[in-house]
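In what comes next, chain A is part of two complexes: it sits with chain B in the first one and with chain C in the second one.
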Partner chain A sequence: MKLAINPNPYVRSPRSTFKIMMELLLGLLVVWLCSIIYYFTKGNAKEGLFAIINVLISVLSCSLVEILFFIPKWKQEANHDIKSLLKKELNSFGYITGIILALLMPVGVAWWQIIICSIVAIVVGKMLFGGFGHNIFNPAIVGRIFALICFNTSFSYGLKDFNGSESINAGATILTEWAGNGWDLHAFNTPKWDVVLGNYAGALGETFSIVLVIVGIILCIRKVIDYRICLSYLVMCSLSALIVGCRTYYPIKFMIYQICTGGILFGAVFCLTDPVTSPTTPLGKILFGSIAGFVTMLIRFRGSSAEGVAYSILTVNMLTPLIDNLLAGRTTDKFKTKAIVIGAISLVFLLISCSYTIGVKQSDPDVNLKPVSKEVVEYHEPSLENLEVYYE
Partner chain B sequence: MSIFTSMGHKHLHNIHKSKELTYGKEVVTFNPKEVFVPLVDPVNSKPIKLNVAIGDYVKEGTIIGYREDNMIPVFATVSGKIVREENLFHANIGRNVKHFVIENDEKYEKEPPLKILNEDSSREELLQRMIDAAILGHGGAGFPMFIKYRKTDGIDTILVNAVECEPYLSDDHHSLLINKEYVIKGMSLLLKLSGAKQAILCYKEGNPDVDNIYQDISQNNPNLKTYRVKNVYPSGWERHLVKEVLKRTYDRLPSEAHAIVNNLESVVRFAKACYDGQVITRKIVTISGEGINNPSNVELPIYTRGSDVIEFLGGYKYDDVSVSFGGPMCSRGVMDDKAVFLSYTSGLTILPRLKLNTIPCLRCGACTDHCPSYLQPVEIKAAYQGKNNERMMALKPWLCIGCGLCSYICPSKIDVSDFVKKAKMVTSLQLKKQEAMKGGKK
Partner chain C sequence: MEKQSKKSIFINPLIKENAILINLLGMCPVLGVTTSINNALGMGVAVILVLFCTNTFISLIRKWVPDEVRIPVFIVIIACFVTMIEYLMKAFTPDLASNLGLFIPMITVNCIILGRAEAFASKNTVVDSMLDGLGTGIGFLGSCLLLAFFREVLGTGGISFNNPFTGKQLFSFLPLEAIKMPIFVQTSGAFMMFGLILGVFFAIQLKIEESKKLKEKKAKENLAKEVK
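What follows is the complex of A and B.
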């Protein structure tokens, strides 16, 4: 008779990290599927094919690099069979990094670029720190930033079809185009609902904002990702955009366009919420999200490129230990002070974002107001009707 | 508030299934051949003052000795001869201590009952009865109950804790069903003793049988009430209970929130000691879990060995099990199943050994999100492993209550609560040192 003396409790929750990660994987697969559908229907056959192949290459190379790292220790184990090696890989979740990395890239990226980026992501971003659970930076974002620095100019967002015909997706993303036009709302070529639905070219995962929102909500409810991070990030981004948008006379439209373009939604759901690289306290998570939102908008309006999401995530990942240090202790201790300080920080961020309005092109209200025909009235936001009354 | 701080509780996934193992089952009576009376005070591990010696004949209720500091008596629980002294494992102290072995002569001769008291008795008499009948806090700590009633200024509420939030245990539920008369009598007595305005019987929601029995509790005495607490863990913890029922928080003792919290078992025993003059020598305990053949509630003399009962119920189901005195969440498993049931042990949980696939911490913060003490177990673990003393002190692990929720919830299956326990030991020592230094400076 053996009595186990392992520590209590002897009842454990059936929920495991592996299950959580599988749910996350399911969410990623849904997003991937949507982008495949998009490229096959809106783009051409070649783009659709590459949307599939890119992800597979990335997942394979990430997993292989991780397995290489496991081999030395695995060799020392008593019974080193292939099964135990695969089990190690399954519990290290390199494939999730792989799929996120591929979804962060546009469809026109070359296969060797993906492989280099995934090697950088896994080696520099993850394994050098000690593997799963010890990394400071989100590995997928590390890979993506590497791509931004090294290959960004050679990226194309669309591919020529097999017969040589040009894709509608060729050229820059609508975000960079928009930024190039000084954030002028009238310069948009893409129809309104296509922008909101995410029905435009960009990185693979950025298509279909609505799907991202739905997947995000489901993952939050299933407690796979933390709703505090997503919410505080999105609220910070939208408030900043709302303030800037006041200059364009269409603040709400401007805000929705800002949120739905670029990687904000994908970053909020799949990158920022990576538990390994985010703080653990509830208040810390809120602070983390709002700093990330601030940095995103700062880079978007004041940086050299409009792609601020990846850099902002890397920046806040760096701040995580600091936030955890500042908020050490019980979560209820000095709760009011902490809440006031965090609220004040967020307010300062919003005040700073007022300065972004300089440089944003003022959309001339008169241009839109001239013909008071029925169609135009329908097209405008409800807030405009008040303006019309005012002008009349 | 739970957006900004921890939730502080969690609905356990197997709570219904585990309780149903013993709900509604008939109580089995078990009489061992020998009982083993520990000769040590479990609160401060000091030996007790002996009243009898080896070779003496004792009856049920004979005083074997007194606890040294507060004169709480220890009773013999069967009649027979004290045959020898034996070293046995003690579940609460965690090491081997001396026990008197009483051979059961199966005659069950009783000592004459104590003087019968009722609601008209004086406060001093009632308080003295708490000492004489050895009424303890029967939740698991074994702290004498009279201490809570020595000073009762400002107390306005008595909470009777019958929540039983641990999985598998069902003895309080059973006691609620059969002891209604004593529960009501005991609550009235405690109201008189403390001068409080109301006494609230707290039990878990989703027990319609208990609802039915206690719906007329305030018929004779309007100050008696019932409250159904949420089916979460650890809703039976004093602090959680006071917060949920009375919406009050406190720093150290419930009396700061003008409340006294008593376990149901203590209240029933106090009523029995006063109205019947009985000293309690027998007890109903839950022997349950997936690792035993016939999980049931067993009525047995206190100080029976665990191994005897397990044998009586058909033995272990598996070769590799963990046995804990109390519930599976906060009681640590014993190395030796020959430890005895104490008067405040509520049960024995036998579970097959867990095979955990531990992987590195994901830092998901689920432990921080659920800690009832609002601590940050994940950070405490990291600070302990990194031997970062300063950070450990900042994280205040000495406030841990050892409920085990952080280990339960951990998706990476890390023994988080074990790390917190270790950090608690390190920091409590340091804290004492610091306080001593401060005192020295004054």
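What follows is the complex of A and C.
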């Protein structure tokens, strides 16, 4: 018998990183297609066009910035032709970052805002750390948060048509409106099928809940993304929402609305599961997902912004090395102890999430039809006459 | 210790041994205060004054201070001068003083000043210490202004400058106001900008060293050819 001695890894699979990333790209293209169809049918022609153009701008600028980073090394190679440069770019997956970044933004974002955000995402979030496979933070989320801090006031979720007619989607997302009303279910006017299908204002790709769930399940079965991360994240989010929802008399409805609005599903499928920035061990992945879910709901109910997905993903990306250190390399340990540790941590999170409820308005089932109004408390200034009466 | 020339004592801390860009000392005010060129200028001038005075004073009394209590003595001297500067700033440049706020008294614990006092002024003559204080302070001012320039241009879209004594706006030039990025005026942007500036600075330094080595090599080869 002849032993073949090669450097590791010994277990080989016909699926390369490139093929896996192509399948992820396919999933993203499906979501993009949905958004294009939605904006052409429900919105106006300009919105439909911009749904296409925004993604193209973002992909182009991300790829170009990466190619600029590759040029110095590429020039030192013996045979530097354009083909090898393009091959490097194809294997660095900057364009996937570009698509995710554009799908996380609303339609009304300006072209220069997309370009600035993609430059920040690629340069600060990815290439300065060493390129694909070495980044600490998810580059698309870095770009999105940059946009959130810098340009949030100028974002609009709809555009005026070419002939000047108003868009149906102008204004804030339903999530921000809902949060502004103290998470009151009566103030939530969007019909439930619209919420599930994605027929409301939001970022380009994050609204289509059913499509996202189907794409996520297919990607999980194809083992492109890890089901543990998605599932633990969604379970933690929905449990927290359920606990909070107990105060509103419709806990299940509250929970479903919470999961389907905002970027939770998109984040769970495409951003959180990035294999570069998530832990390697199975238990680490579960812990990773549940911490992310906890932080998301914490920001939603206790923080100042309604949308906490992006910040929570960055937070847990930061914890990834810590989780890996905690759990990696101890395969001989009994499973029981680990399970107990993770169960205890999740339980503590759930108990803490009970305190979310303080901020949520309690809606009464009897006043279903009454519109929301703010109570006006009248305040009488103390005058001299009153004082005199008081002294007498 | 080698004896340095007076010129090199003054010039070295400007770029070659810059307290911020090379030694990464005293980062707290640099990140906190450089939101605008106005603030950076005020902070830099205050640090130059404090460094100059403390270096001079400490090298004057360096032979009388016992070794065991030298750090408390230095800190008390530094705190004295910082308090004087603070009162002066509050009297003559009230707007600037209120903008800088807590960062003026915090010059006391800035490690550049104690570092120079401990490493240089307590061992060298008065004139040398004066020059060293001036050089280090101007290096600090320069790097503060560099960081503040990029932060203000990106964060507010241009440059505006106020007269520090009256608080009146002298000029404001905001060509890029439509595409300003407010993150650079906030603290997170300060860290990002500072990292980028450090990276570019080191890259330039590496390039200069490489070209110097190449020149030396060529000169040696030329010499060898001439000898032949």
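Operating definition for what follows: the second predicted complex is superposed on the first by the 351 of 392 C-alpha atoms of A that agree within 3 Å, B and C clash if a C-alpha of one lies under 4 Å from a C-alpha of the other, contacts with A are read in each partner's own complex, and residues count from 1 in each chain.
Going forward, a residue touches a chain if its C-beta (ideal position, glycine included) is under 8 Å from a C-beta of that chain, and two chains touch if they have at least 3 such contacts.
Predicted model, so just to flag it, every value in this text is computed and none were measured.
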item	value
Partner chain in contact with A:Ile67 - chain B first, chain C second, else both or neither	neither
Chain B versus chain C as contact partner of A:Ser13, first or second or both or neither	first
Which of chain B and chain C A:Gly133 touches, first, second, both or neither	first
First (chain B), second (chain C), both or neither touched by A:Leu33	neither
First (chain B), second (chain C), both or neither touched by A:Val235	neither
Partner chain in contact with A:Thr280 - chain B first, chain C second, else both or neither	first
Per-residue contact with chain A, leading partner among chain C and chain B	B
Touching residues on chain A, where the partner in the complex is chain B	1-20, 91, 131-134, 223, 226, 228, 275-283, 285-286, 324-325, 328-333, 335, 339
Chain C-facing residues of chain A, complex	112, 116, 124, 128, 146, 149-151
For the chain B and chain A complex, residues of the former touching the latter	2-6, 12-14, 18, 167, 316, 319-324, 328-337, 349, 351, 353-354, 356-357, 359-366, 368-369, 371, 373-376, 378-379, 391, 394-396, 399, 404-405, 407-413, 415, 417-418, 421
Chain C to chain A touching residues, read off their complex	179-183, 186, 188, 192, 199
